[in-house]
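Paired with chain B in one complex and with chain C in the other, chain A is shared by the two complexes that follow.
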Partner chain A sequence: MFRKTLKNPQAVTGLSLIVLFLMAALFAPALAPNEPDKIDILAKYLPPGGAFPLGTDGLGRCVLSRLLYGARSSMTIAMPSLAIVGLCGVVLGTSAAYLGGAAERVFIIVCDIFMAFPPLVIAISLVGALGTGIVNIVAAVFFSAWVWFARLVRTWALAEKGKDYIISSQIAGCSRTGIIFRHIIPNILPQCVVFLSTSVASVIIMVSGFAFLGLGFPAGTAEWGAILNEAQANFHTHPEILLYPGFCILLAAVGFNLFGEALRDIVTPEGAGQ
Partner chain B sequence: MSAFVSVQNLSVALAATGAVLSPEVSFVLESGASLALVGDSGCGKTMCVNAILGMLNKRVFSVSGQIALNGQSLLNLPEREMRAIRGSKIALIPQNPMTAFDPSAKIGAQIAETVMAHRDISRAAARALGEQALHTLGLQKDVTRAYPHMLSGGMLQRIAIAIALILEPELVIADEATTALDVINSRLVLDELLKLKARGVALLFITHRAREAEYCGCGMIHMGGVACED
Partner chain C sequence: MKIQKRGLRAKNRAAMLLIVLFGVSILSFALSAISPIDPAEAYARRTNFLSVTPERIAEIRVQMGLDKPIHIQYMSWLRGVLKGDFGISLTSRKPVTADIAAYLPLTLKLSGLSLLLVAALSIPIAAVCAMRKNGVFDHITRGITIVGLSMPNFWLGFLLLLVFAVMLPVFKVVETGGGLRALFLPALALAIPIASSSIRIFRATILAEMNKDYVAFARARGLSERRVLWMHVLKNALPSMVTMLCQLFGYMLAGCAVLEKIFSLGGLGSYLVDAIIGRDLPAINGCVFVIALIFVAANTFADILNPLIAPRMAGGSVRV
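Then we have the complex of A and B:
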């Protein structure tokens, strides 16, 4: 599978973008040329060059350093929240679909309740009640995103449930948990992987949106959405500062989307023999 | 020899309306004997098989009559006990081998899974048992490393037979086991079924080709018609 990934140009492009951003996030303290939060009001709006490779913002902070640290905040929210969404969605969705009956009805009712709330309302009420911070934002992302994924998983599992090989394994006497974990989940995994990897992009954008509204991290924290928010105030005089965080979000989204789509082709077993 | 399988006045109806879906069937099958249910498409052959296997949804279908295996009544048996019987005491050879295997798992793992669902043995031992069963059907053990889409329908059907036999069931049901295959592969499968009979397994053969039933030397029951014994 690793060799197949390397042969797929789309996967390599996507993966290198992801690795680039992960490296930036991981080694931000070593890579950043300046302190991301150091304010120097006299050095505001410096053009790129010298000690500031991408110039400085309205408070004289190094733009490059803030973007590098921003990758950190964005990734530490997107990755864990999607991991929880994925785990929760796959287990609940497949179980509901396979067990059917009362379990499925309860699942659908809970889903409908969650779907009735717009994501932003959940985020605002959670962050408002619990305060800002990584754990609370991850919780907000999880509560607004899991239901969409879980319902999707349920429909995929329903389609899989009626297939002959599931009936064969029932006739062979396999247990329900065995069928769910060994047959249904492996067969819907390609779709799940694609959905989750493309969702990374939308979670980054969602968190940036929260930060843009002031719901993200404490004020002043380097985060792409927050940087974007601060830059838009001075859009007419210094539009270039708006472009940098925008490009970061865009490229991260492109990277995860490309890799997710390529990954589907790689993990789908139909191509296994070729 | 004692009667292994006895089915009395078995018929399936819709629970909601009471509409009868399969006509009443009665038969007694001893080990080493075989019987064919013959009938045109849609006459309720597979419905009857599903009733014997306990695979019908009790909320949708109502099954009347009696089914007994070694004197133990199978109707109204709790799901957990029925699951223990399926696969180990009653095995099914599926209608279409091309769709009866999980496309994302290797053959070896799928065989081992069936064994491990019924016997408390290690994965390695289950795999060894699987390879042995494949060997008796003239298949190389290489096929355990293949995915289902790499193999032909005939090979898959022989693997399905191997899986059905691996736990030494007392009753094997072949539900249209040759329908999806060409003439040559059908013949191979029928020969395997004959060998199975020789080993003392009770065989219930479902088909719409009376000739195949004759080839297997089965007594025949015409569904929705007159029963004729040989």
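Then we have the complex of A and C:
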């Protein structure tokens, strides 16, 4: 599977974009030409060039440096929150499917209740309620997203449960937890990875949406959505500052979507069903 | 016997719906109640920030009923909700029900228009892509939609403003009134990312449908490929599309929040965001509950509509 991924041009394009943004996030302090939060009112709206490769914003801060640090905010939220979503979703979804009975009914009711809310509504209400901070945003993303993933995992696990090898391992005397963790989960893992990798894109967009609304991050944070929010006041005179962060969000999301989709083609080849 | 069975299913579904609605009311209440920010203090600071004394805060807390245990607060909130009373907004000082009634129509219009755009864009494009699978149009669409679904709708809103209101002044930056003109650009910004993902999903749905036996039969009868697609395949693919479009309507209600802010439209979404920022608990609870209700209603609507479009869905059994 790994070798197949490297041979797929779409996967490689996506992966390079992802690596690019991860590098930007990781090495932001080294790559950034200036301090991202250094305000210099006299140097506002400088054109690109010299010490400021993309110019400066309305407070004289270096646009490029802020964008690089913005990659940090996006990546440090999207990755951990989806890791938790993945872990909970896989455990809850497979357990519900395999155990069946009352456990499954309770699971379905809880899911139906959570699924009655559009994810964005849960997320912005929670971010608003919990206040600013990365942990709070991760929690909000988790609560808005877990149910959609757990429900999918349950469907996949149900399909897996009916297969012969599970029945054989039951006859062979495997324990319930043994079957769930050693047999069902490894077999549905590829689908899970595909789903989570495309979800990174939507989480990046959602989180920058919070920041754009002024929720979740302290004022002045170098986050793509927050930069957009600050730039909108001078949208008529300096639209270029609005363009850069949008491009960053777009490219990061395109990277994860391209990669996730190529991965899906590799995991479920055409004709093998969905 | 079949009719009995169907009656039972309907009853079960209604019971399930009641349980879900009850859970929804708990969750909408809990979403704001878990906040570490004290709403009484926030209210005191906003109303009269010069004299914020602990006594004043305690007084407000008693007035707002916040000194009682959380389940009692929930019960009294629920009693109000059943009578259509969500309490008094702490920021506008008007009943939340009146505020929602004032702001909801615009959001419904915006999401409705956006949903129309999504349906009008995605169904025909998906059908053409499926018909000419792996053709030039299909490949181009694939490329465009991947960019489309990666597009943050708030940024797209600005781009549309920049192009159609600043560079080519077709629209005004701030369109007044709630007419179609004012809603078109935000609806488009809301629709494009969602349409991009629906095109992909509908294409897959149509392709899956085209592999079924009745399609081979229709072709064998000598019907033209176009007729098979538009008359037979699309009709059978419609129920899953309707389910999805109804679900999207709920997503859009939430997505409206950001676009209403950009286009300075006063709708439920921006009302909710302002309530969240202002710690206006009654307004948050009310909005979240109403949005969830509409979402549930849209999904139920799809459940009722689908058997009417494709009768075979009902009961899941073969009709004799």
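Going forward, the second predicted complex is superposed on the first by the 250 of 274 C-alpha atoms of A that agree within 3 Å, B and C clash if a C-alpha of one lies under 4 Å from a C-alpha of the other, contacts with A are read in each partner's own complex, and residues count from 1 in each chain.
Going forward, a contact is a pair of C-beta atoms (placed from the backbone, for glycine too) under 8 Å apart; a residue touches a chain by one contact, two chains touch by 3 or more.
For clarity, every value in this text was computed on a predicted model and none was experimentally measured.
Once chain A of one complex is fitted onto chain A of the other, the partner contacts of A:205 are limited to chain C, with no touch recorded for chain B. Judged by the touch definition given at the top, the superposed model places A:16 against neither chain B nor chain C. Counting residues of chain A touched by each partner, chain B versus chain C, the larger count belongs to C.
Contact with neither chain B nor chain C is seen for A:155 once the two complexes are overlaid on the shared chain. In the superposition on chain A, contact of A:163 is made with chain B only, not with chain C. Contacts of A:173 after superposition: chain B is touched, whereas chain C is not reached.
In the superposition on chain A, contact of A:235 is made with chain C only, not with chain B.
In the superposition on chain A, the residues of chain A contacted by chain B and by chain C do not overlap at all. Those residues of chain A lying in contact with chain C across their complex are 109-110, 112-114, 116-122, 124-131, 201, 205, 208-209, 212-215, 225, 228, 232, 235-236, 239, 242, 245-246, 249-250, 253-254, 257-258, 261, 274. Chain contact summary for the complex, chain B toward chain A: residues 53, 55, 83-88, 91-92, 94, 96, 99-105, 113-114, 117-118, 147, 149-150, 163. Note for the complex: chain C touches chain A at residues 16, 19-21, 23-24, 26-28, 31-32, 34-37, 146-147, 149-152, 154-155, 158-159, 161-162, 166, 204, 208, 250-251, 253-255, 257-258, 261-262, 272-273, 276-277, 279, 284, 288, 291-292, 295-296. Listing the residues of chain A that touch chain B in their complex gives 163-165, 167-175, 178, 182-183, 186-187, 189, 269-270, 272-273.
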